[in-house]
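Shared between the two complexes below is subunit A, which pairs with subunit B and subunit C, respectively.
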Partner chain A sequence: MNDNSFYQVYFNCELETKKEVHNFISNIVCQNNISIKEEVVNQLIRREKAGSTLIAEHVMLPHIESDHVKNSQIIFIRLAKPILTWDDHIEDIRLLIVLLLKRSESEHIKKKISLFTRTLADEEYLNRLLNSKEKYNFEQEIIRI
Partner chain B sequence: MNIVGVAACTVGIAHTYIAQEKLENAAKKAGHEIAIETQGTIGTENELTAEQIAEAHVVILAIDVKISNRERFEGKRIIEVPTEVAVKSPNKLIEKVEKIVEQSYQERESK
Partner chain C sequence: MSSKDNREQKLLLFLSKNQDYVKSENLTEILNVSQKTVYRLIKKINDDHEGGSLILSEKGRGYKLDYEKFINYQKINKKYKENQFSPSERRKRIMEELLLYSPKPINIYRLFNKYYVGDSVIFNDEQVMSEELKKYNLTLERKNKTLAILGEEFNIRKAIKDIIEIFNIIDIDDLKNNKELNFNKYDVLFILDQLRNIEEYLAITIPYPYNVNIFSHLYILLSRSRKIPACNFTDEMAKDGIKNMENDPVLYGVAKVIVNNIKKYLNSDLPDIEIYFLYQYLVSSRMQGSFVQTTTLSSEVIQVTKVYIEEMSIKLGIDIEKQSIFIDLANHIKPMLNRLEHKIRIRNNLLSEIKTTYEEIFVDVTNVSKFVSEKFSLPTINDDENGFITLYFAKIIETSQYQRPIKTLIMCTTGIGTSDLLKVKVSKKFPELEIVDVMATRNMQMIKEKHADVELILSTVHMEAEVPIHYLLVSALFTMEDQKRLQKKIEEIYLER
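Then we have the complex of A and B:
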């Protein structure tokens, strides 16, 4: 798989609410079909209800496994401005790392994603991503497995 | 202290592996031996051996879903938390585990 399509970066993204973030992600999965987009948003909401996807201060990890995902991807969304109120419990979100997993994905890609998610346990790494001022520096910091 | 555990989350691709990594790092930092099995979308990895389980003073289950082979831990001291606790506060969790284990040893000695 081409690394450029596997890792996507949206830097200084002007999203202001959780709803806008969910719509943005659903748009990446599918641009034309409204019912598929709704289903993706619902999956994201269901996952959050099952347990918080906040993995560190300012950083969320929304993730779904879906029939609608055609190619598994890791998407970095660095927000232009923090989302100060994500919901009743979560505030000041600045970075979202989105995992889109295709249903029945190959073992190789699943392994690749799991190795990537392990790197997110390193808070210094997340801080470097949070503190990168330029898109180039941000992209350089990403640990590509 | 010897710690074993299992990490498993709903989708099985994200929190499972971060929880494993964070628990291992926090426990090692505190001077403990630790082995965490993951039950994720790839299946079971880093599978615990019967010997590791037998030698463990405590079992940490950082899980959001039902896990396979839970009966292996019967008779052991089990501490169960959602994965997000292991992801967000691994050091605090290890401190809590230390206190629980210490307390139960003290109780046993005083009997």
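Then we have the complex of A and C:
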């Protein structure tokens, strides 16, 4: 899987707090412009304030739409260790599925993303993602989509 | 069943329908007893239950059923009862024995021996049984320290079927493997084979409970034929009935074939009236398949069905689209009229559940049934039948056929993340919602143009702007709590309509 692919997997990520996760995501969007990075982080924070993105136990679905996103992507972050306190309400996060959406994205890609999010309604599928021990297995689950 | 048992049942049933705690005031209302009685009843249920409390209580919240235990309890309950006999159970067992051997007399000592009861109890039992048998036009005769039940064969079989409980709980698909039921295995296999034959000859399937009904009839026929010689039958065949049967070559033919098979199986002759008995059951069963469609509905069936639909439509205050229910209901009414005429009773095992779940519909149906009986000069339509009819109308209400779906819009910040996920979860659980679109909150102002008729907005994010549309904030998790709130919202919308 190269950097440009639609799906990206970060397995056994050593991230320990919400802040680290946000920085990590912003780094994916843009590596050198600090103000853009800040904006991305703020956007993520605003989205979470508006409503929780927890979609199942241990799983979050942060998502933003932004001009700074060059190519829409779906990013899987499987944490090496659970983040036990995400914030005051949310605990024990183990997997993050991040949707990065380019502003005015084509209908085709939008459809692809929305098809993907629908598969997340399947708890079995989420459990398999949560429980795969090897990166290879994890990726196989994603390829199967 | 004593009224106390009945209350216990009702209480458990009511609690099992409520996921949350139920206030004790509600229970007193439902059971129509005092608070103390409710308390005692619950204590008794919990004390009787071996694996800890079946009903949980919490101060200020009321009572709640431990659902897992309850399910186990229902399974165990039947076995547990076998070891001891209440007086009514004792009488039932004795009556079973007498009925199966009727008209042969049985020694009283032999009958009551295993129950260890005295003469006065036996005397009392006789009175009670005698009273019970009157319902079937049967008499209990005491002669030289023996008891015998006398009456027409048709009535005896009817009584057997009603009284022997096993016939009311069997599940045809389960029969072959179920060892708890004390059936003769060869008989069971033989009869199941005959049922299959009937279905094959007619190219139909016989649905529950009619299959159980025919099964029971045949099983009783086998047991009776072995115990008493056939010539003892005193019944006279109604001439009209036979004429009708002969005019129906298809069912008549099948009845003949099956009775012939039974003769071979029993290796003894059977009187012709058996063909007539079986024919009655076939005519009174609801059949599904091609055979049914070719038979036309009589004008009486059509009239009765129409009255039910019209009267229920007024009583329930809803428009019932005739086509949707007419064929189904008429296909039920047709054999029901036959059952009424031939006094064949089918047990409705779900009756108590139907009564509590669809109480109002059931009461309405009962009233309409009374009206129908008078108008068409039919025998009284009993509660078992009313229960079945109730389900047809409950189905209409449950499937919300009269409620058009609620046009719903789902939103989140991007209109593509959590909202899409929510869409799948919501449409799975709430078919009454029609999800017209998934949108991003920033496109709010487009609602008016694009979806003027939307009635409900579900959103995973908090909305700043006020909208004159029902709105509910739910989490992307779509938890039980969210589902309950949505259910409430839906009811609110229905009410406003």
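Everything that follows uses one rule, which is that the second predicted complex is superposed on the first by the 138 of 145 C-alpha atoms of A that agree within 3 Å, B and C clash if a C-alpha of one lies under 4 Å from a C-alpha of the other, contacts with A are read in each partner's own complex, and residues count from 1 in each chain.
Criterion: contacts are C-beta pairs under 8 Å (C-beta built on N, C-alpha and C of every residue); 3 or more make two chains touch, one makes a residue touch a chain.
The structure displayed is predicted, hence computed values, not measured ones.
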item	value
Combined model on subunit A: subunit C and subunit B, fit or clash	clash
First (subunit B), second (subunit C), both or neither touched by A:E107	first
Which of subunit B and subunit C A:T117 touches, first, second, both or neither	both
Partner chain(s) touched by A:C30 [first = subunit B, second = subunit C, both, neither]	neither
Partner chain in contact with A:I90 - subunit B first, subunit C second, else both or neither	neither
Contacts of A:C13 with subunit B and subunit C, given as first, second, both or neither	neither
Subunit B versus subunit C as contact partner of A:L130, first or second or both or neither	neither
Intersection of subunit A interface sets (partners subunit B, subunit C)	47, 50-56, 61, 63-65, 99, 101, 110, 113-114, 117-118, 120-121
Contact set on subunit C toward subunit A in their complex	412-414, 416-418, 420-421, 423-425, 428, 438, 440-441, 459-462, 473, 475-477
Residues of subunit A defined as touching subunit B within the complex	47, 50-56, 61, 63-65, 99, 101, 105, 107, 110-111, 113-115, 117-118, 120-121
Of all residues in subunit A, those that touch subunit C in their complex	47, 50-56, 61, 63-65, 99, 101, 110, 113-114, 117-118, 120-121
Partner subunit A, residues of subunit B touching it in the complex	9-18, 20-22, 25, 38, 40-42, 64, 82-84, 87-88
